[in-house]
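We just call them A, B, C, D and E in the order they show up, numbering each chain from 1.
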């Protein structure tokens, strides 16, 4: 029933999609396969960019911007920062596994998930009613629409996010505060490996 | 109308008014609870005070139940002294209690045995918690016998488990923990089915009348179809079969009886076993007449197997308490037989047997405890020739033994006689086989008696010579002995009170069955078309 | 064309007052932390938290009054429901927030985890739990879920002296965010399938039109089920809970367990009965399986546990199974029974873990089963209290534990699902074993006759705070066990919306 | 006067109630005398009542006294009361009479026993039960007494409980009796089922309601009870062991009274038996077979009391023969005379044993005639009487039985006749070995042994019984109706069942001569064989000494297998199968708990994997539901 | 050829799967966390695609919220990781299995 909307899909769109999709998938695979966390982080950046492109491609300019700013600008940087801070930028033996079978299982199960979702969706992905929360097309700038809906329909969630951010702050404070070590007998296993820089 | 009827009417009405005067039954249940909470407030060192309170409370209960027996209107088959209060309307549970011929003497038995336990089988150490648990247990048992609400019954039925568990693990013998756990879990599994069945029945009743209640007086009128009835009845009976116990659900009982302290074994064998059989008579027969009649052969067979099996296995026991455990498996078999034979004689016989079995089993366990206090063992092989040293003990033991064998003139005979007579009329061949039990019981009991009391004097070490029963011990046993003889010689007063209720029950059963048959006949032509 | 100037929706503050009180109180505490010197008695913060909780309790009761008067309504642009259900949960959460600080205070003091962090986090996640019960939009539920969980991750890691605490936090966080990622993907698919995330609209949409190829919708539902099942620790999504309960600081575990279950179940019921009633025939088998698995696995694995906290973790998995029975029943009776169960569970679990915290403190953090040996002798009162909680969980008569089990089972039977009812009761019978094993160790001194010995030497002394907290829990457990009518009526009123 | 009947059982009961608590304090010998007095009193009362009843017209000699209702349930209502009629009175009279004598004897016999008072407690209780048995107005009371006497015999056999053999013997007696009681109970249930009453009068007036099968069943079931109580085939081994009890007990319970209860029961229900002749034949054959077998066994016994025991069994067999032939009065007649001479023989042997201080082996006796003339003389009378030498009582009674047997079937008569010879033979053997020959006890160690007649308490009963044994026949002389006192006296009760042997005087004389010949023949054989001869292994084969190995085979084929079965059920079925199942379930849970527990590896990735797997399965389910 | 929404959604599914599998196969906590970010992004992509398809703003708003949540989670997660690493440098997820059974 929605096919009418995508009739306008043109060749450039397709090409963009193809490229972006490749970027996304490669990036994702990179995240998983690279042995060095730093590289994984960079691959993540790649994926996120690809996704931003796809956002733009789907007329979500605002989100694309936020995606780039928040993810690449904040999240990944934070990742890299932590990696460097903790000096764990060393290789992980990706292919030596702690216990056998895990990776095989993971592959099989992952495949199942993918197949199932696609099979379920493929017949007809979109069955919903259009424009319930408010139409997008011909409502002016993407930002306006989102902003409007944020401050009307989604006002409360918007406020709730503040609580979320407060939690984040407190969590950071509480957890990463340095304590004078007062080891209890519950660390016997740990002592050996404790090498504080 | 003539004077006699007039006078009886007056008398009855007088009885009613006197019955309403005071909530006897509620008091019976609540007095022990209050006493228990009172004891909780007493410091644990004031042993005498604690014990005094406990004794007074239990004796008070005995007094009240005596009053109840006095006020009980003989010849009235219905529930008497009923009191109803809504408890949890949302769940359809109500505090409704009452007594009828079937429960009357079980209440009396309970309220008699508990003072005896407190007097005769008292725990030396940790007096406080012992008294509290005993009193709570008494409340639980009385509650289950008195409650007319299926769920109240279940609550009390379950509530008895906690005190008995603590009694066992705190004052029991070596293997107590395992035995207690086995007993508890086994019973709990049983009551799981009971609970589900009860709720299911209540909802059936709701769907038919729109009223959600667990009051058996209403539930009786529920129309239960054949299969449902059978399933529900099995669910109920499983719980009771475990509690009684009925073969083959008995294997917890030898361990439990053996490991439990004297007090607990007395209550287990004397009172709590009756919870099961009482449940069968009260709920199975009353709520599922059709299924009962349908399944009667099965349970009759189980009962008979129990009688024979319990007897012959008892004959092979080396531990005195285990022997008693199996003997009461055999006696429970008689009760089941009577209950499911569904004749007036057999069912009243079953009810009487519950009372009688309570009396002589309690006496047996008391005597065993007394033997233990002298010889420090339950092993039959290690007990010899007590009769020479303790003739009085031997005499009383003999009497109780004969009662349990079922010698006429003692109470044991009355129940067995009625049960067998009634069963013979309805299900001849089961009765014929069951009579074997009469022989077998003599075999194992006499064997045990010979081992323990006969044969030559044992070598008593001069430090601690074996002494005969002390005055206190005699005082504890006297009431039981008196009742054992009295009920054997003149059971009529008891039966007269039991009779009407039982007849009403039997009539109800057969009525429902008849109506079912009628419906079936009415339906069959329709099916034909 | 320019965006027309929009008007902010009318905000009915009373409708969200309890949440606002909690968050506001949280900010107050934060301010205090900033201005007040470091070595400030943590118990004061506890006191403040209690008063905040009390305030929100009062406001939710007021709200209850409004609801009973004016009937249920929706507020703040139809995004929160104010009905019996949400108010019941508000009341429950507020009361948890009153009791939890008392129980934690003593512990935190002892571990000298100073400051107000714990209380702040508790308040926030309390607010989250309330929102989960109230919200009328999947997005808001997702946010609330995060607001509920993230503080819990932190609390799990609060005891920085313990390796296990950090590990617990890590596991809880990784798996939690993993599951919420799955959850949000589920929301996305559902959104695609129905065109909206608003619960009311979803149910309306599904009621109005039949979806010829419901693949996307089903996928979405499945993924959301995973999200909820994880939060309520239903098998097979339960595996985090034993580890987290064991690693997390004892004083807080009770709160974590209670609040997570409350929030999770609130949202579960809200979504599945509120939004997807028309699909009941499709998802109820899944819930049935989850319930069965939780009942069985929880009870069975608990049998083999030697650590009290792990044992209780598994037993609460078993409890989750019981609460799911209410959803299996798919009736207002079912919802009411689940709510009643949640209520009784919350207090029992709070109390149990508080007792464990005390014991663990007395023998250096160990919470093995032997650590309660002879507790009944050394400090009878504490032993009795613990025994009461354990017996209540086992479903002993005259405690809320029994009535709760009875209520849910009866709901299941009312819905003619006898099999699961019997199964539930049998699992309860199995559960009796491990509860009583603890009681046995406490009172008879030994689990097996050979191993006689005393672990708890001197009588255990605990702070006033803990005692008062425990007494409240015991009260709630016994009073509503003997006189259940008010609570039951409340629960039934709370479930009326689902007719 | 008849209304004093309730006193008959009351006196012994009172005696019991006095002695049970206080006997020990009252002490020896007063306690004994109290007991004796009580029984004597009830004997006197019996006589008075007898006179009263005898004074009434034949038609109205049946008096039923109801005391109180024992229980009533459904249609069943059972009262407690007594029935006074010629039969019960006859029984009561000889029971009380003999008991009085034996009480008196016991005072002397038990003089030195430290449980003196307890002995009389039991005796009084026994007399009470026995009287209830015979006087009871319904079968339940009879059963009450029936069990009561059984219990008392248990007590008294095991009286010297320190002897394991005595204890076992008591147990054995009780258990054998219980087997019979099973039959008795079933008979009661059958009657209850059919007639809803157990009162004799009611039963007999409603016999028409019973089908032939029921009648047969009832009579045979009651007979099973009688077989147990009266030690008939195959349940007689207990009686031999019962000799472990003190001799007065053997005399009273295991010769005179209790063991005849079965016969009494059969006579009491004669209206039923009368209707089922086939049952009668069975009874007759079992009786005569028992008589013969027991007699053969008696020939080989060496224990003075065992000989008497088997002779008792044999005589009881005669009684059942009579019952089976419908000659109830003959049965009663033999019962009475037997009570006299068998009690006499037991008491005499008792004083022998006393004199030999507790030596019981007749091979170690001999030549006691000189040492204890009175005992010897009385024993001699007993021998003549039991052997059936005219004119002693035994002759008349046994003759009556045999002549009736002939009427039914000559075969029965033949066996009975052979048995008569054997009886005379083995009793002669015993007399010769005990009182004649040379005193073997001298060299058989115990040099300081001076046998002598016992004290007067013990001798007086001997004399009285000797007199009775000699002239007891007078109560029922077969010469014309005016001399058959007993027969005509019992006629109202057993008349219905009585078949009148209408044999002419000639036949009568022939029978008499025949009996006399048998008796004298047996006696002479004994004289010729056992004069001065101690051992004749040929005549004492092991087979007979071991009582046809009946006891052994019962032990072998019933006792041992059943105890093996019991052991199997206890050890295997109960412990391993039933309990094993229960514990097995528990174990299953333990194991699976351990298994499942291992899934919880502690690795985050495992947990995530499980989550995803769960997801996969669930989505798969949804796929199926969405029709893919 | 034309691109319709199902391509985007398939891509999202692929992305989600890769993330999930990564979560299962990697031991480095940070990387595992990145994989979770991948999954969130898959969700986002789905939202956006649907919102375009349905011509509905709700989806994009949802993405906005998801972004915020992601940010908050990152902060908390990294804080936790830091606190763990402080105790045990270079700890992988697999090293953390004191708690089991």
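Criterion: contacts are C-beta pairs under 8 Å (C-beta built on N, C-alpha and C of every residue); 3 or more make two chains touch, one makes a residue touch a chain.
Please read these numbers as outputs of a predicted model, since none were measured by experiment.
Novice: What chains, if any, are shared contacts of chain A and chain E?
Specialist: C, D
Novice: Count of steps on the shortest touching-chain route from chain A to chain B?
Specialist: Between chain A and chain B, the shortest chain-hopping route counts 2.
Novice: Would you indicate which pair of chains has the most C-beta pairs in contact?
Specialist: Of all chain pairs, the one joined by the most C-beta contacts is A-E.
Novice: Where centres are the averaged C-alpha coordinates, which chain has the largest centre distance to chain B?
Specialist: It is A.
Novice: Measuring centre to centre with C-alpha atoms, which chain is farthest from chain C?
Specialist: Taking each chain's C-alpha mean as its centre, the farthest from chain C is D.
Novice: Using mean C-alpha positions as chain centres, tell me how far chain C is from chain D in Å, no decimals.
Specialist: Chain centres of chain C and chain D, defined by C-alpha means, are spaced 78 Å apart.
Novice: Would you kindly tell me how far, in whole Å, the mean C-alpha position of chain E lies from that of chain B?
Specialist: It comes to 65 Å between the two C-alpha centres.
Novice: Please tell me the distance, in whole Å, between the geometric centres of chain A and chain C computed from their C-alpha atoms.
Specialist: The answer is 29 Å.
Novice: Between chain D and chain E, what distance separates the C-alpha centroids? Give it in angstrom.
Specialist: Taking the mean C-alpha position of each chain, the two centres sit 97 Å apart.
Novice: Can you pull out the residues of chain C that are in contact with at least two other chains?
Specialist: 139, 143, 146, 150, 153-154, 157, 160, 163-164, 169-171, 174, 178, 182, 189, 191-192, 195-197, 213-215, 218-219, 242-243, 305, 430
Novice: So which stretches of chain D touch two or more other chains?
Specialist: Residue numbers touching two or more other chains: 597, 600-606, 608-609, 612-613, 615, 619, 622-623, 626, 628.
Novice: Residues of chain B that contact two or more other chains, please.
Specialist: 185
Novice: So, with touch as defined above, which chain pairs make the list?
Specialist: Every touching chain pair, ordered by label, is A-C, A-D, A-E, B-C, B-D, C-D, C-E, D-E.
Novice: Considering only the defined contacts, which chain C positions touch chain A in the complex?
Specialist: Touching chain A: residues 1-3, 6-9, 11, 16, 23, 26-27, 30, 76-77, 79-80, 117, 120-121, 124, 127-128, 131, 137, 139-140, 143-144, 146-147, 150-151, 153-154, 157-158, 160-164, 169, 189, 191-198, 201, 205, 211-219, 364-365 of chain C.
Novice: Touching residues of chain C toward chain B in the complex: what are they?
Specialist: 391, 396-398, 402-403, 406-407, 409-410, 413-414, 418, 421-422, 425-426, 428-430, 432-433, 436-437, 440, 443-444, 446-449, 484-485, 488-489, 492
Novice: For chain C, which residues count as touching chain E in their complex?
Specialist: 139, 142-143, 146, 150, 153-154, 157, 160, 163-164, 166-171, 173-174, 177-178, 180-182, 184-185, 187-189, 191-192, 195-197, 242-244, 246-247, 305, 310
Novice: Touching residues of chain D toward chain B in the complex: what are they?
Specialist: Those residues of chain D that touch chain B are 68-74, 76, 118, 140, 143-144, 147-148, 151, 154, 158, 161-162, 164, 167-168, 171, 174-175, 178-179, 181-182, 185-186, 188-190, 192-193, 562-563, 565-567, 569-571, 574, 578-579, 582, 586.
Novice: Contact residues on chain D for chain C in the complex?
Specialist: Per the touch definition, chain D meets chain C at residues 589-590, 592-594, 596-597, 599-600, 602, 604, 606-608, 610-611, 613-615, 618-619, 621-623, 625-626, 628.
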